[in-house]
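Paired with chain B in one complex and with chain C in the other, chain A is shared by the two complexes that follow.
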Partner chain A sequence: MSDRRLALTPWLAAMTVLSAGLTAANLAPDLSMLDLDRLLAPVPQDVDAMVMAYSRLPRLCIGLLCGAALGLSGTLFQQVMRNPLASPSTIGVEAGAGCAIAAATLYLPALLGWSRDLVALSGGFLAVGLVFLIAGRFRFAPLAVVLGGLVVGFYLGAATTTLALLHEYQLAGLFVWGSGSLSQQDWRPTLDLLPRLAVTAIAAGLLARPLVLLQLDEAARGLGLRIALVRAAALAVAVALAGFTVSAVGVIGFLGLAAPSIARALGARRLATRMIVAPLVGALLLTVTDQTLQMLTAATGAFLPTGAVTAMLGAPALFILARRLRAAQPQHTARGPVLQRVQSVWLLALFAILVLVALTATVVGRDLGGAWVMELVTALQPFLAWRLPRMVGALAAGAMLAVAGVMLQRLTRNPMASPEVLGVSAGSAFGLLVAVFFLAAPDHLILTVCAALGAAAVLGTLLVSVRRVGLGGNQALLTGVALAAFLMALLSAVTATGDPRAMLLMGWMAGSTYRVNAAEATVAGVLALAMLPALPVLARQLEHLSLGSAHARSVGLPVARSGLIVLCTAGLLTAAATLIVGPLSFVGLMAPHIARRLGFACCLPQLAAAALIGAIIMVTADLLGRTIHFPWQLPAGLLSALIGAPVLLVLLLLPGWQQHEPKAP
Partner chain B sequence: MTAPAFSLRGVDLRIGDRLVLHPLTLDLPAGQVTGLLGHNGSGKSTLMKILARQMKPDSGEIDLFGTPLATHAPRRLARSLAYLPQHAPDTDGLTVRELAALGRYPWHGPFGRVSDLDRQKTESALAMTNLMTFADRQVDTLSGGERQRAFLAMLMAQDAECLLLDEPISALDVAQQIDVMSFVRRQAMEHGRSVVVILHDLNIAARFCDRLVVLSHGRVAGQGAPDDLIHPDRLETLYGVPMGIFAHPTTGWPVTYVL
Partner chain C sequence: MSSETPMGLTRRGLLAGIGAVAWTGPARAGGGRRFASLDHGLAQTLIAIDADLSAIAQVPYWDIWTVEPPLPPDVANLGLAREPNMESLARLAPDLILSTPYLEGVRHQLELVAPVESFPIHAVGASPWSNILAATRRLGVLSDRVEAAERLIVETEAELARIRDALSRLRDLPVVPMHFVDSRHVRIYGQNGVIQDTLDRLGLRNGWPGPTNGWGFATAGIERLVEIGDGWVLVFDPVPPDVEASLAGSPLWQGLPFVRADRVRRFPNVLAFGTLPAAARLARLLAAFERDHV
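So, the complex of A and B:
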């Protein structure tokens, strides 16, 4: 129809040629040495033929299958949830599978020996079952699926990492699986996967027509569509596709998000086209990655899991193509649900809780025998120097992340936006990585500077790349996601090498507060305090920005400039907080939703409530991290997810949202 | 008068503590254009959503052409009942023709073959709404009036005997308003379709509707032919502003104005 459609063919052709070329370059030299007889019926003594027939060829096939499955799965997720950030990871399939494997490794190893696939698959489906339980109450409304998926995913992810920290040695292999490895020993996984994927793909094809109608919202019901049924069926198919893939090769998460977006940017405008092009893109992208990787491995001997590297190639592709996407589209899922509006006076109650938690975190501890004790006045003196910095640091970091989360969710009008999504946290993590690996014995100051520089670099890149299209749209989000995925891929690749220096990073990434010193805590505290007077000023602009740029412009707001200010503020807050609690905290995403769900709907009350909630969660996490596994410590960043997720879960399951949705027969 | 298209008995709806619709008992005639009027918040859109089965009433019964509305299977209902919501959804890259073709879903369903009849109905819907020249344009690149017509085309392709239109002309200029309303009227006059349309403009309502139903605070405040209903006293009680009426100098239709 439009000229955009033409863009599709040359790009796809180029990708096909590239992946075919790489495959040929990788396999041909060895293939040409083998004749067909040796390959078809290799004898065990013939090592070259065995490797080719039972490892390299099945690896090529399973890569193609998994790439295609993830591309299709992502397309379905994005269509059902009407959100370009939706992907198999969104709904917790991978987190569930990972958690199941970790738990089985530790507690029921016999189960893994019997069938690792089935353990992963049932873990994934159990996680999704929980999400469906939540989403079903809201007739599978996109926002409910997204929130439920994120909560469950975060919770299980944090649980897995906690297990991994507690049982480092038993679970070392989990990192490799978690980063997605395509290595094959025979054809069985491929042959198992093929029929499963074929059946689910056919089911997806059957759903194509009703799925298009989902774009019409309530009008779709007028056309006789059972909306909830179609959403549930499509999600089930998408989950199955992702689940089969995960159980076969582990987590190759980024493809599910990137392939549909790349397909769309290439001009696949209609859903039917996307359902064909996205799997193609996924398969090609994974093949290119895997073949490149195999050549690298052969040349250097370094072992890298494919899943991690996929993001290294896919992220730049998404980065370049994101600007080709259509300008900002309205998000009807822009804001989280409000339980019941409450007066701002209730902020005082939250404040009181914070004070109580902060006091507890200062005075409560455990003695040498492990008994719980409470130190007061003079007895407290010697502990203050230890406990106060980390308590203040956790409090400040939680508040800052929560505020940054509110800002980003309102600015981009997407409930899935958060500091982690924009890559700022990943940027500081990357700064640390560079410092740890390339500087001789970096001291604390150098680490801090490097982390801040990393965050600044990511923020700068983001600003430059979205300068033309504006900040309020999906491009900014997708660009941030691409950056974050790229950096996190580098990090997890490094972690997967098992380098001892990587373990240091692991501890930091889980968000431990136990190394926080007085200087750091002071800086964070001062920044958090300095942020307070800025909030009312920013809140008014944000309130308008969250109604859309057209509205904001019409009330005389300089949209580009205030967007920039908000983004920079959020970036600064995130960088400061990341230094203390690591890049994977849950607070920036969830505290805004908890605040809204509690009834703080307007911008300023939401900012204030989110800051308080973020601080409460973080301080509680710090307190528990210090005490429950005494004398060892658990990272506060992880525990914040384990504490915050159930809170939001309960809030989601409380009745009260339904009345905002039309009652339907 | 023939059997009514809709027949409501004691239909009410409560949202939270508020009774949005008091028990309504009402017949809406078949083969005619019924205008649904009322102040903002009077329950017009809610009533229409209930008629379209987008919402379920708390109690009461509704018959569509003599059979209970609740008993129809979704697609069976969509074949006889087409509903245009007040706010057009984001169409995300669909072309006008593709949008219109979506109106055939109730007929071919998720798995049925798209027949020549489906294609033919889509094309004639585009022709009816004068959209042939725009057929391959993307809906989100069109002007407000054209976009409204694109959704009307989808409704036409749906080929239902009963049309429910929620403020179909609120965003249109005068010429387009007349255009759309004449089109709607022809659907009733020439094709015998039953139309229920929510309007705000009393003069348009008086000119294009066979019958008016006026809602006020969730109750029926009056119903009848436009000539009987459009009276200065009644209008004042309905809208709370004093209004006058004169006869159109050439056609004699009642024309209202705010005093």
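So, the complex of A and C:
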């Protein structure tokens, strides 16, 4: 377990030289004109000295601090969860802080005037509290924490975006904050941040040794180490590090994922080494980006938020480094108690609920005064033209995403796998982005075609890389996460400038079914129906694949080929569904889990149940989105996250369910 | 701040009367259509020329962002501009839906209810003034109120000219109209927007030397405000709650020339993507500003 120091040192040295060089290039011309007296005690009339002393120097310092904190936070998260995809974003810290600031901005502005930091931090800890509540039931098993963190994060993120969409004028500031601008006007944020980070970093250092012992699970137990306590403490420290950063400058999320991964890829294997190298990498990475951006801003006058741009740079780096990471360990095999008798009853019940919800979504509406009305037969006629397409579209999309989710989770044996992180939806988002910003007044058809092209391009890339490079399913997901993060960051950067066109993209990202027309609904419906007969065939292959490739080979399954077919099908279903409900519904993540919690353990029943559940969630979301906030509309994609997440949480928290959680091997 | 009646707005009773006539029957021959507007800028012109406006998007934002002219109470709310409520639109059955190129993505849905006419005014990367005049005239034709539209143009230009002549001390320094986005960032209005066009017509200089985007504003960190030097900084309402405390403790902000000279003032909001009534409102507010503060 010795570190490849030879590989490590030159890279770190190169990064240090680069960031020092850029800092010098940015600051030195102005700094050299100022003597020390002017800088240390600038008089207000001395504008150059004031800007240097109160904006540019604190900005350099806070960048270094935040980068280091996020690198350390990510390292702790990845260590505790034994998951290379874990990061402050995956645990819901950023989503929680963002949600708290959004809610306070709208409903308790006095709180923000009092302490913006405290609001953000309490939001972050609230999110983590929720995650711990779930995780505690599973004794902080890494998988449970990640899953709980994702669900809580999605939920709060969806809530924030919904608030932002409804009150976008008031929340322009939230977008700027979300984009992680490092702009500073005095030393207070830096001086506030420094002692907090120092204390948490020391705590992290004290935890290093117990965490190493934890790696050797059996040995740790033998040593009488209190596993749950150490994990909880490490997670708390990681959360605090990220929370302080987020409240000080906003979201620089991807750094917490990228820095530890880069440290590992540079050859830092031991935890103690990574806990030093990752913060270094984080600090250097952020400095390189920020100094470059400051020079760009000086040259062009454009507003370039550092956090978002860092994420855009970090994403391709991870894309490259993903290939050097060892394949993630198989995470679990989705086995649960087989309840065959109950299953058919459940399936029938789910189908009945779907029919009921679909009917309701067709006939119920609000009149001009806002009163609830039910239209039948002729009175219904004038409304069918847009109620039916969006209902059918939502139904089909929900079912397709759920099926894709089951496939991916079984193929990769990773409970975090979901169509949303496949990169396909990021591809369609990119297609839309190009259309919205580079074409004059694109209409619906052009937007749809561009989104479809984007999805197809990513799908093609994914398949080629899986075939040629031989990436496993989990690495394909990592690639997808990188792509998605890149595009979300790009969108965040654009939104922060206040360009109203970003709001158009935001509406689509939020999963609005508003634009779905009859033709799209028909295509989606036909595709969803066409996938049904293929399910039993796929289910058989998945059943073998989900038991591991050794098993699959032993029963004569061409593993690579079957995996490719499954991935391809999942990608296609995701692409079609994403065009309708956007990339943020998380139905593809939640529906398979809800199905499993309901006892659908075998593949085919799980596929069927998940499809029904996905469709129910999506149609309900569409109905509610159209009516509850009348005359405003809430996007079905976001609402489905808001509906599905509590259902899943309740199922997770319900006593008696945890024995279904697979035992750690 | 301003209690004057906006130019071109006649009594509300007349409007209600016209509305009642139009409500009962189909569109009158040769115009006089009932409109639904997805854009507040177009809506403020429609109200100013007494056209028949049945619904607009985002009614609750009117009093925060548009303010003038007052929104007639019988105008229905269509919800979000990017996704106007289709069922409400169908029940209202307007003769024409007014939109902007920005909302072209939902045209296919809107056209299920009524024809859509789109007005390119802002986001064209140039001064919107000629577009505003063209849109005002076109709205006059569509609503069969050609004279009212011409009168609105003439009266607005006359009022701008009158205020231009009346302003004196305010012209000694540049002005910088801005919004606080949060405690660290501002949005500054300049070239390509109706606010800049109004400043130009009043003979006022904009103190922001940097570029602005196609919509007529720039987003910047507060440290970049050193580029302004001295000038009147007009901070549009609303201001986020934590801004004042944050600025009070920032030596950089306190050291900015316009802060040391005590030339930062809160200013009532003016619709940044507005039309003639927004320009007239800004001009009147600036005249009042000179009277009270300069």
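Criterion: the second predicted complex is superposed on the first by the 622 of 665 C-alpha atoms of A that agree within 3 Å, B and C clash if a C-alpha of one lies under 4 Å from a C-alpha of the other, contacts with A are read in each partner's own complex, and residues count from 1 in each chain.
Basically, a contact is a pair of C-beta atoms (placed from the backbone, for glycine too) under 8 Å apart; a residue touches a chain by one contact, two chains touch by 3 or more.
Every value quoted in this text rests on a predicted model; they were computed, and no experiment measured them.
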First (chain B), second (chain C), both or neither touched by A:M50: second
Chain A residues touched - chain C or chain B, whichever exceeds: C
Partner chain(s) touched by A:D37 [first = chain B, second = chain C, both, neither]: neither
Partner chain(s) touched by A:R270 [first = chain B, second = chain C, both, neither]: first
Common interface positions of chain A, toward chain B and toward chain C: none
Residue numbers on chain C that touch chain A, as the complex places them: 61, 64-65, 76-80, 82-83, 85-88, 90-92, 101-102, 104-109, 112, 118, 120, 123, 179-185, 187, 210-211, 213, 215, 217-224, 226, 238, 240-242, 244-247, 249-257, 260
Chain B residues touching chain A - in the complex, by the definition given at the top: 15-16, 49, 52-56, 70, 73-79, 81-85, 89-95, 98, 102-103, 105-106, 110-111, 136, 138, 151, 158
Chain B-touching residues of chain A, taken from the complex the two chains share: 1-2, 82, 206-207, 209-210, 212-213, 215-219, 221-226, 269-270, 326, 329-330, 332, 659, 662-665
In the complex with chain C, residue positions of chain A that touch it: 42, 44-45, 47, 50-51, 53-56, 105, 109-110, 112-113, 116, 165-166, 169-170, 172-174, 176-177, 181, 183-186, 188, 297, 300-301, 303, 365-368, 382-383, 385-386, 440-445, 447, 496-501, 503-504, 507, 512, 514-515, 517, 626, 629-633
